[in-house]
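Have a look at this one.
Read from first to last, the chains carry the letters A, B, C and D; within each, the first residue is number 1.
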Amino acid sequence: MYSKLRIGVIGTGKIGRLHLESVINHISQGVVVQVADPFIDQKMIDWLEERGVSNVTKEPEELIRNSGVDAVMICSPTDKHAEQIVMSAQEGKHIFCEKPVDFDLQRIVETLKIVKDSGVKFQIGFNRRFDHNFRRIRDVVESGKIGEPHIVKISSRDPAPPPMGYVRSSGGLFMDMMIHDFDMIRFLVGENPVSIFAKGGVLIEPEIGKVGDVDTAVVTMDFPNGSLGIIDNSRQAVYGYDQRAEVFGSKGCCQTENDTDTRVSVTTAEGVSTDVPPNFFLERYFWAYVDEMRGFVQAVLDDREPSPGLEDAIIPVIMAKAAMESFKSGAPVRLEDILAKKQYAFLFDN
Amino acid sequence: MYSKLRIGVIGTGKIGRLHLESVINHISQGVVVQVADPFIDQKMIDWLEERGVSNVTKEPEELIRNSGVDAVMICSPTDKHAEQIVMSAQEGKHIFCEKPVDFDLQRIVETLKIVKDSGVKFQIGFNRRFDHNFRRIRDVVESGKIGEPHIVKISSRDPAPPPMGYVRSSGGLFMDMMIHDFDMIRFLVGENPVSIFAKGGVLIEPEIGKVGDVDTAVVTMDFPNGSLGIIDNSRQAVYGYDQRAEVFGSKGCCQTENDTDTRVSVTTAEGVSTDVPPNFFLERYFWAYVDEMRGFVQAVLDDREPSPGLEDAIIPVIMAKAAMESFKSGAPVRLEDILAKKQYAFLFDN
Amino acid sequence: MYSKLRIGVIGTGKIGRLHLESVINHISQGVVVQVADPFIDQKMIDWLEERGVSNVTKEPEELIRNSGVDAVMICSPTDKHAEQIVMSAQEGKHIFCEKPVDFDLQRIVETLKIVKDSGVKFQIGFNRRFDHNFRRIRDVVESGKIGEPHIVKISSRDPAPPPMGYVRSSGGLFMDMMIHDFDMIRFLVGENPVSIFAKGGVLIEPEIGKVGDVDTAVVTMDFPNGSLGIIDNSRQAVYGYDQRAEVFGSKGCCQTENDTDTRVSVTTAEGVSTDVPPNFFLERYFWAYVDEMRGFVQAVLDDREPSPGLEDAIIPVIMAKAAMESFKSGAPVRLEDILAKKQYAFLFDN
Amino acid sequence: MYSKLRIGVIGTGKIGRLHLESVINHISQGVVVQVADPFIDQKMIDWLEERGVSNVTKEPEELIRNSGVDAVMICSPTDKHAEQIVMSAQEGKHIFCEKPVDFDLQRIVETLKIVKDSGVKFQIGFNRRFDHNFRRIRDVVESGKIGEPHIVKISSRDPAPPPMGYVRSSGGLFMDMMIHDFDMIRFLVGENPVSIFAKGGVLIEPEIGKVGDVDTAVVTMDFPNGSLGIIDNSRQAVYGYDQRAEVFGSKGCCQTENDTDTRVSVTTAEGVSTDVPPNFFLERYFWAYVDEMRGFVQAVLDDREPSPGLEDAIIPVIMAKAAMESFKSGAPVRLEDILAKKQYAFLFDN
């Protein structure tokens, strides 16, 4: 019997390559047995060769049907996710998929239903759950050390706006950026929100406003136990990638500052100066990506459900859509009503 | 000519006594010439005597009419504020008044209109504007160092809920507690909000819920320039009096941590331990109270309008009422519409 | 019976005035009944008058002999300290004296011997023992939380060199500046050192070197239990008054950072900036001076020995002289041998 | 032509394996072509095989003579270092060698002389120079931002004493532990010290004292420009691996705190709690080891002298011996006199 998880990776873009590096360099329980990418170039083929990965194909379908592959990592463009998930589930392959499953809610539901029925393991790529700081907060909350959560706050700000081309196709700030924070707040609180209220503005880049999107946003929500949540996002923190969270509870408060490159301070007559946060997600979440993949591999090997899983693949999308609706209507939107619909029942019947 | 401001103090409760100490010990440009309190006790009389203040009366009216008094500090119960303000204005005395002017909005408007017409100086007791940390944030915002404000966040949490008797008569969390933060957010941003949305919960003390109030609340708002504001309040931070703020802007971010008694850390195998914030407002804002009074005295001596002034005496009250309304209706409330009303015009016609 | 300690203050220079303010404003258990200063000016007389102190004399001897005075605070120039201490002791007055008692070691011994024999209370002005940060470290050490001290480190750096006139008459860096740290290290460890080794340099102001003094110095020492101490001093920290300490022990480590005016940070693309320490001792140690005086007043009223007391008035002077000797010889100097001398026996026979 | 540096690694113990991982996972410009270890086991052989390294030998000499090897990484036991260095130099191989070159000073001199004459590149394994925090301090010093160094302080404390077997053969605290700090202080200041004074104690483990060693030590030194240095070491910081440094200069101060696993704080009624430092050198200096190796590989490829080099391989050893001598004699020891000897001249004649 093969003692390591045999992994096939679809897609060798920035994120695909990152996961390849994680498995090859840092995850001894997994091995990359095949890579598929319709647009793979020679440089990438050489890079893989050097690392002992010689089985490369331009046909994702071939990889999914490869009987020597135990699990598929789907790092292809979003519009391919759903079909590759479905095919992988049908072939009995465990699935790691980058978020989101799809932009269309109905299609996500149908896709995940198939995964659920197939019984394969499924993990969605919300990497921040594996970040050392946020995971610690979650651990502290779960330990009961700070009691019941009362107020949860997340600040999440990018260093610079994305290109307008991306903005036009990404689904907007709530869908492409705050979706990470929607997942994070559920992770920290351990509950889904009841209702959402969103305020947004165009304070940085007027072009963003012209396509109906915002570049600055504040969203509040409440949870079933009555606790309250706040997320603020900005497309441009000139000082770097600002990623902080705080859970205030009945017995205390747990919060994280930003990581920094060094712990050095320089004191001169002008003041005390320390480091800004690292510039962007690859620096900030490097080890989170590694641990995300390690978590997936280990869960499959242990025959446990990976986390974040099916529910986590869809609820942040629903939250993003609700936020967009609230922003447009100026009124709060109830999630409870949406989630009570019959089509979502399969997510919760464990 | 008398070179110091001759001050009469009405009320010798906790806050009255605090202001008396400030003037006597720390403010060389002012002198307490008379104290009035219908319920003054011998201990207080002795305490004043020792500090050279022998002119004590049980009649506030006598003090207000005393021609040797230049300025009146009104530290009486709230239900006396309006009439004492009016009488002081009519007597041409400058006025420092503890907040709020009154619980009734119409009465506040009428009272402040009289003050405005009289031409006397007027300062309202929002002491936190004089806090070293918050004032520094304001200075940084004004300096332009962090550019235009985009997101403003205030956390303000009391160490323990007040007695139920207080809760019943105080006007509720939005009126007695968050009102400070409503003033602070205006101070930090330099604008009045356009609309307000409030969420609240009863997570600490069920009795508070029974009288229609909340013990935990999150309020979001937007400002004319499109920037967004967030205030969170809790009646019980078990670790002390939590008072923090952050202004995120187009060129950077300015924030304050809590004050602490010491800067000492203790590192053992269990972790690194540092101080919690000071327990409550007298410890946290001691020097802010002194500087508040110094600011009033100096403004009067310099013949400048003191700040916070008339506008600041009423807008936070309007915000508190709007927040309560939003909390009850579940929908945002527009302040702009309220402030556009004719009756408020006098506040803005400088 | 008079329930407050009746205090006479000799000297109305910077430090005398500071103590006067402390007693008048902050110490309800004490009252200033007389002030003496041969060179007092009208402005000071008016200042005292305003605060209810009308008994002013130019004759310190008159004050010392005043039967209405319980305790004398000696804030006169150093060359008057010894004779005023002796006279006060002879008159049965309790004594607070600014450091040092004298520059001449033999004279200090003789003076303190007289105080000891007289039975009056005596406190020497090492104000830093009352600082919130250093006192907390001492409390932590005493609590046993960090176990036995192994390594003790003090950094103490002035914002700018004193005038050369002061340098010439002060006894030099070890005597006028590090003497505070010599006392502090004894306070933190709770022991007197066994031997001392000093290195110094002239890195800031060549003129200081020309009079045989140093402007930068590092002194190491060991204590009877084998623990090791380090003090570093500089005459010029361009960023302010740098005052830090650390005690590393068998069970942990306790350290203090500098106080700062605010807890505000400003984050821009250039970095995160926070406050430098306050500029000098009056800002940094304001409350320490108040608490020092309160400690003296309370100890006398409680009929307890004040601390720092007789032993503390002389051992730091011996350490300073030993450090100077070590610096000059290039070899360590043993304090143990000095302290074993018969003349010091009275300090230790409690 | 081969575009990558072809590396042979001698020794597969803890540190050898660490360097192997660095080159394989993180350093694209280098490739491991052979590994030698007389005592290599099957598990290690498999581990290497999986990573594409199949050329394994039990004969270091074979590796050194392998014409397909450009550079040798010597990670064997210390008593083999000198002969393997000499042989590598004779074979024209570039050399990375773990510290120390040898315990015998004369042998180090002779070995390094041969390296110097051979013209091969040589780097000694003082990995801390590549640590993000310490390197930043050095960069700040070099930038001139804090002016001329006046006082340099290093705290370096292990989490627990080593086994007594190690203590007996390691050369003692000054040689096996403080040697890193001797190198670091030279790195930070950019100079060699003039004289050294050492104090030590046995405060943790009496057995250590029985073999003539210390477990706690403080060393002071001065530099040619008059600046002063302080190093403190402890064999046991119960809270983890304490690694801090501070350079105080004419224009400011630069210091580093410890790294921590997270930036999370937990605030409860008991206090604010944050992380202790990581437990030991593999966690603390992981990336420093990677960067050390990357620095060596890049320097060889660029035909530059690697750093730390020959001089750095010997002067910390001389400092350690001087510290031991000072500790035993109780007097300072001059390094200047030692370094002026003719036999060291080759180190400085560039």
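The rule is simple: contacts are C-beta pairs under 8 Å (C-beta built on N, C-alpha and C of every residue); 3 or more make two chains touch, one makes a residue touch a chain.
These numbers were taken from a predicted model, which means no experiment stands behind them.
Visitor: Using the touch rule from the top, work out which pair, A-D or A-C, shares more C-beta pairs.
Guide: A-D
Visitor: Which whole number of Å gives the spacing of the CA centres of subunit A and subunit B?
Guide: 43
Visitor: Measuring from the mean C-alpha position of subunit A to the mean C-alpha position of subunit D, what distance in angstrom results?
Guide: 40
Visitor: State, to the nearest whole Å, the distance from the C-alpha centre of subunit A to the C-alpha centre of subunit C.
Guide: Centre separation, subunit A to subunit C: 59 Å.
Visitor: Could you list the positions in subunit D whose residues touch two or more of the other chains?
Guide: As it turns out, subunit D has residues touching two or more other chains at 238-239, 251-253, 267-269.
Visitor: Connecting every touching chain pair, does the picture come out as line, ring, star, complete or other?
Guide: complete
Visitor: Can you tell me which positions in subunit B touch subunit C when the two form their complex?
Guide: Those in contact with subunit C are residues 24-26, 51-52, 132-133, 136-137, 140, 145-146, 251-259, 261-269.
Visitor: With touch defined as at the start, can you tell me which subunit B residues reach subunit A in the complex?
Guide: Where subunit B meets subunit A, its residues are 148, 150-151, 153, 155, 157, 197, 199-204, 216-218, 220, 222, 225-230, 232, 234, 236-239, 242, 248, 250-253, 330-332.
Visitor: So in the complex, the part of subunit D that touches subunit B is made up of which residues?
Guide: That would be residues 238-239, 267-276 of subunit D.
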